[in-house]
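Before we start, here is the structure in question, set down as structure tokens.
Going by the order they are written in, the chains are A, B, C, D and E; count residues from 1 in each one.
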Amino acid sequence: MFPSPLGSVQQLYIGLFDTGILRVALFESLERIGIGFLLALLIGGLLGVLLGVSKLADETLGSLVIALQSVPSIVWLPIALILFQGGGGAILFVVVLGATWPMTMNMRMGMKNVQPILMRAAKTMGYSGSELVWRVMIPAAIPNVLTGARLAWAFGWRALMAAELIGRGGLGRTLMDARDFYNMDLVVSIMIIIAVIGLLVEYFIFSKIERRVLSRWGLSTAS
Amino acid sequence: MFPSPLGSVQQLYIGLFDTGILRVALFESLERIGIGFLLALLIGGLLGVLLGVSKLADETLGSLVIALQSVPSIVWLPIALILFQGGGGAILFVVVLGATWPMTMNMRMGMKNVQPILMRAAKTMGYSGSELVWRVMIPAAIPNVLTGARLAWAFGWRALMAAELIGRGGLGRTLMDARDFYNMDLVVSIMIIIAVIGLLVEYFIFSKIERRVLSRWGLSTAS
Amino acid sequence: GSDEEGDSAGAAGSGDAVEIGYFPNLDHAAGIVGKEKGYFEEEMAADVDFLNFPNGNDFIEALDTGVIDMGYVGPGPAINYYLAGGDIVVIGAAANGATLIVSREDSGIETLEDFSGKSFCTPGNGCTHNVQLEMMLKDKGMETNRLGGEVEHQSRVNPASMVSMFEQGQIDAAAAPEPWGTLLVEEHNANVVTEWNDVFLGEELASVVVVTTNEFLEENPEEVESALRAHKRAVDYTAENEEDTLETVNDLLYSLTQTRLPENVLEEAWTRMEVTTETHGEALQDWADASYELEFMDDDPDLDGFVDTEILDGITSE
Amino acid sequence: MSHVIIDHVEKTFPGGKNAQPFTVFEDISLSVDAGEFVSLLGPSGCGKSTLLNIVAGLDTASEGSVSINNTQVTGPGADRGVVFQEAALMPWMNVKQNVEFALKKQHSKKEASARAEEYLKLVHLSRFLDSYPHELSGGMKQRVSIARALSMDPEVLLMDEPFGALDEQTRMMLHKEVQYIWEKTNKTILFVTHNIRESILLSDRIVLMGTRPGGIRKIFDVPLARPRDPSSEEFTALEHEIMSILEKEIEKVMREEMGDDFRSKKAGLLYNSNSNMGDHI
Amino acid sequence: MSHVIIDHVEKTFPGGKNAQPFTVFEDISLSVDAGEFVSLLGPSGCGKSTLLNIVAGLDTASEGSVSINNTQVTGPGADRGVVFQEAALMPWMNVKQNVEFALKKQHSKKEASARAEEYLKLVHLSRFLDSYPHELSGGMKQRVSIARALSMDPEVLLMDEPFGALDEQTRMMLHKEVQYIWEKTNKTILFVTHNIRESILLSDRIVLMGTRPGGIRKIFDVPLARPRDPSSEEFTALEHEIMSILEKEIEKVMREEMGDDFRSKKAGLLYNSNSNMGDHI
């Protein structure tokens, strides 16, 4: 019952070019992960800034976020269904819940990690409040933000796969169907798709940005 | 089907002090998350160091890790069951898979974020190789590691809840059973337990360490 | 929901369409045939949309939140939901039977008596099959470890995983739904411990029921009736066209999972269930009582008002 | 008209769990007139940077207050330009962007660009507009930070050892530049330095600070006409006077530090106050 | 016996996508004897730190090679102690731990502790053993970093403007200390400074570097007997000679920088080479 490499590739081919179920599911999932990821970056970024900047927010809102984020996607799902009346929004909600947290925490630490002297310098130049955040703290936090984005991407996928159980298509659903009918080759071929997309995003987005950031920050020679 | 606050508290009380099912499940889960979390810190830490230090490892092993980490716990579960012959090891495996990744990525970025001048200084004092990593890079990465640990904790719980589906007890199992019988009050009372544990760990461990680290690093006055 | 949740249906992307849920599985053949042959479209005035679900829980959640209006589901989740105060009503049956007790080839289990000290698995905790097997064990004076007994029970083993657990020798027996029980027997040399019709409540107990919410039923009685007409047509079709039914089911499976179940397995499994509209309400009550007896439920179950086959009875007696 | 008024200021750092609170200085009062050039001199760690930071509004005084133009200082602002002891450049901006960053609040984009180039030319960095801070030498970073503060054209300039990392030629060139700007725009300048000659050369008054307990030891007027001649008699006399007080300050620290060792053989060899000590530099 | 041999060394930074490669200096050759004290002087950005880093093994030369005791330098090592231009202290270690950190490789825990305290006393920081770097003033950080390098007792000391942020008294005290240590332990010292007097006061030879193109302009022997008297005639003569060459160097840079502006009115006002320019400091 162990999946075979050949069988997986075959299933991949069939799913993409013959029956097309993988192709259709892929596009559905891509749309969701795309929107969910961007939303997570946005929300997580804002939340992280808030928690990093305001001690009060960190101690109140921060605790709430901490308390809620250990809760698994499968528990969120019914809640999301109620909140969103079963619409596609429910899936997005769960994806965002999964992906936001790493972004939030990394942005938060990025805020706290800014060298105090840079903040002081900017303040003497008349920067304050949101401008300080926007022009100094966020740029300084970019290396952390990158890690946050990478994690958001991975955990967004994980949450998406769980959320797509609700039966509105997508790779997650196909994955579960394949598992339920013991088509392990198809399971593996979906894992291959996710992995390949992950690698593409890594090579064409994350690592490119990272290399540029690290070299500009003067950190690339660190090791 | 909406849970009631009173009902949830009642279920919590019954589960903890009357039937004791929550108490038993809690201890089972705590043991798993405890071991899984520590393993994730260890493995993620080591892996992060490796990826942060070695470009080769980053480009080979790193890609593999990236490829695999988007795969959700529910997909790992059957694989883990096969690998671990259905033993408790399977649950641990899934928990570690969920928790390791954020630790790895944060440790990795921590390594890359070390101020080059500190590395250079240590090198002139005769430090090199693993000592350099251990005595300079890891301490310098502590703020990042903290974020990694926090995320590992949260995602460890998430993975645990999914992994405990296999029916070897624990809160995840109770959660699912409660869902199956539409005892939403019990579901909420389990969420309360997870949240409270999260808050306790946050207040008594993470935030204490963070406050100490930030003030020692001279970062606490950043905002 | 329909009227006041009209925009929820809209959010689901299909305007005022009636959403029908089903599982891609053999005992849902009636629903699958009805969908594939277009019976529902033909009979119903409103547009129809079909959503398939991987398990009962997700189905019930969808029903609870108004994502679907009616559909095919196992009786276990429906009863549990009903007892938890949910708005659900059984308006007919789709299949009865379909539970097989099997044991691993060299597990040493030939009869129920051999279960002592062995382990078995079921898809859910307190699911239909679980209660059936445990009830039979109870008759033989055995209990599971859940109740401090001598038989080890592992729940939440998804039917497909049973295959690998059997292969690896991790588990000795299973109370399996069809077609998985048959698959284990045909492809993995499992022993049949108890045939489907000898199982507790055996032929009587529904394996799939047709459900809707009271709210939907009251607001759309005509649509429900039309749907049941389509259902009836589908059931009749399956009875007369076994080969085509099996092919339709297998095609659907392929379109979802790119895999087909072996034909001999499907054929064999088909004999272990009865596709019918006949709803045995008392069997459902008996099952719920057994579940209570086995301490899966905290309160004595009362299924009054759970089953309402008036409309379907009207259609079948036409 | 007094421009900057430092009124009975004390700074105490709270100290951690096991550390005691640490009072850097107490009861510092100083008023600086508009257009005045005042230097702060004193041994390392006496609180010069701390005082400057309080005036800048970056630190808060534990006691007392600072006011500028009769308005109490409650926070930093672009009316006071600061050259920090460290260069404090944003690592993600290149040289030109770093200077422009300080100008964006007051100038249009085009103006900021032109101004940034002008002031970077002044500190001889025209060739390095596109370089990032980590590609610069120590002195170059300091020059960027000087260009940044000067280009902002603030009413009050707070400069913390701005020329510390510069070679003597560049330093002299910048002395002239700062003097030229100061005379032309009538800025109020608070200038921290370790270099006694530099302070005499540039300032109207020199504030000598001491440590343990920290505070102002003496304030010297520099009545010499500009441009000043470091080889003139008055110049040298003032230099010697300041030097001798500073010497006493540091000797006190040394004595505390060395305890009984202070008169030991090695210490004696090291710390004999030979006659030309004052002229070394 | 030559101790440190710098052999036809060139350093070129590769430059990024849109930046051209940048050659800091080319063809630098210098051999330093065992026990010799050599100073590097030169305008900001001429490559002094870069050269020191190459000798330290922290940077690699683009051309040529450096050898120490006839062994080619391939990386950093504890045989060469470095005082960096920035303090380079580990932020998570307190003052004492920072010094101990440098000693742990060679000394037992107890020895390291005693040695750290000894050298921190030397730089007057006994009271701040438990302070963290961010709680120190600029000069104090620099003193920790000096104590750290000295305490390591390396064969070769590479010091990059070690006394730049120190007041004159502390600086003089440390001059004596370094000289005392140097004489007693016969160290080879490469010393970067901007202070011409400091270099004459301390060194056996002074290497004058220039920029555009970067390289060694001239090497001065300092034949004066120690202790040296800065007011002596030979001292002043040497000072003036070095100053005049340096002046030419910086004027060249200025001319390039200012282009046609160089002779303009403002520039004329700023950069007139008045007669006492050489004596300023």
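By our rule, a contact is a pair of C-beta atoms (placed from the backbone, for glycine too) under 8 Å apart; a residue touches a chain by one contact, two chains touch by 3 or more.
Here the structure is a predicted model, which means the values were calculated and not measured.
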A-C or A-D - the one linked by more C-beta pairs in contact: A-C
Computed distance of Cα centres, subunit E from subunit D, in Å: 23
Whole-Å gap between the CA centroids of subunit B and subunit C: 38
Centre-of-Cα separation between subunit D and subunit B, whole angstrom: 49
Junction residues of subunit A, two or more chains touched: 78, 82, 116, 176, 179, 218
Numbers and ranges of subunit E residues touching at least 2 other chains: 86, 134-135
Junction residues of subunit C, two or more chains touched: 64, 158, 164
All pairs of touching chains, each written as two labels joined by a dash: A-B, A-C, A-D, B-C, B-E, D-E
Contacting residues of subunit A [partner subunit B, same complex]: 2, 52-55, 63, 66-75, 78, 82, 98, 101-102, 105-106, 108-109, 111-116, 119, 143-144, 146-147, 150-151, 153-155, 157-159, 161-162, 172, 175-176, 179, 187, 191, 194-199, 202, 214, 218-219, 221-223
Residues of subunit C touching subunit A in the complex: 5, 7-8, 11-13, 21, 24, 51-54, 58, 61-62, 64-67, 158-160, 163-164, 167, 253-259, 261
For the subunit E and subunit B complex, residues of the former touching the latter: 53, 56-58, 75-78, 80-82, 84, 86, 88-92, 101-102, 105-106, 132-135, 152
Complex interface listing, subunit A residues touching subunit C: 1, 11, 14-15, 19, 21, 77-78, 81-82, 84-89, 165-168, 173-174, 176-183, 186
Partner subunit E, residues of subunit D touching it in the complex: 13, 18-19, 41-45, 47-50, 85-86, 121, 124, 126-127, 130-131, 135-140, 143, 160-161, 164-173, 175-177, 180, 194-198, 201, 227, 229-231, 243, 246-247, 249-250, 253-254, 257-258, 266, 269-271, 274, 276-277, 279-281
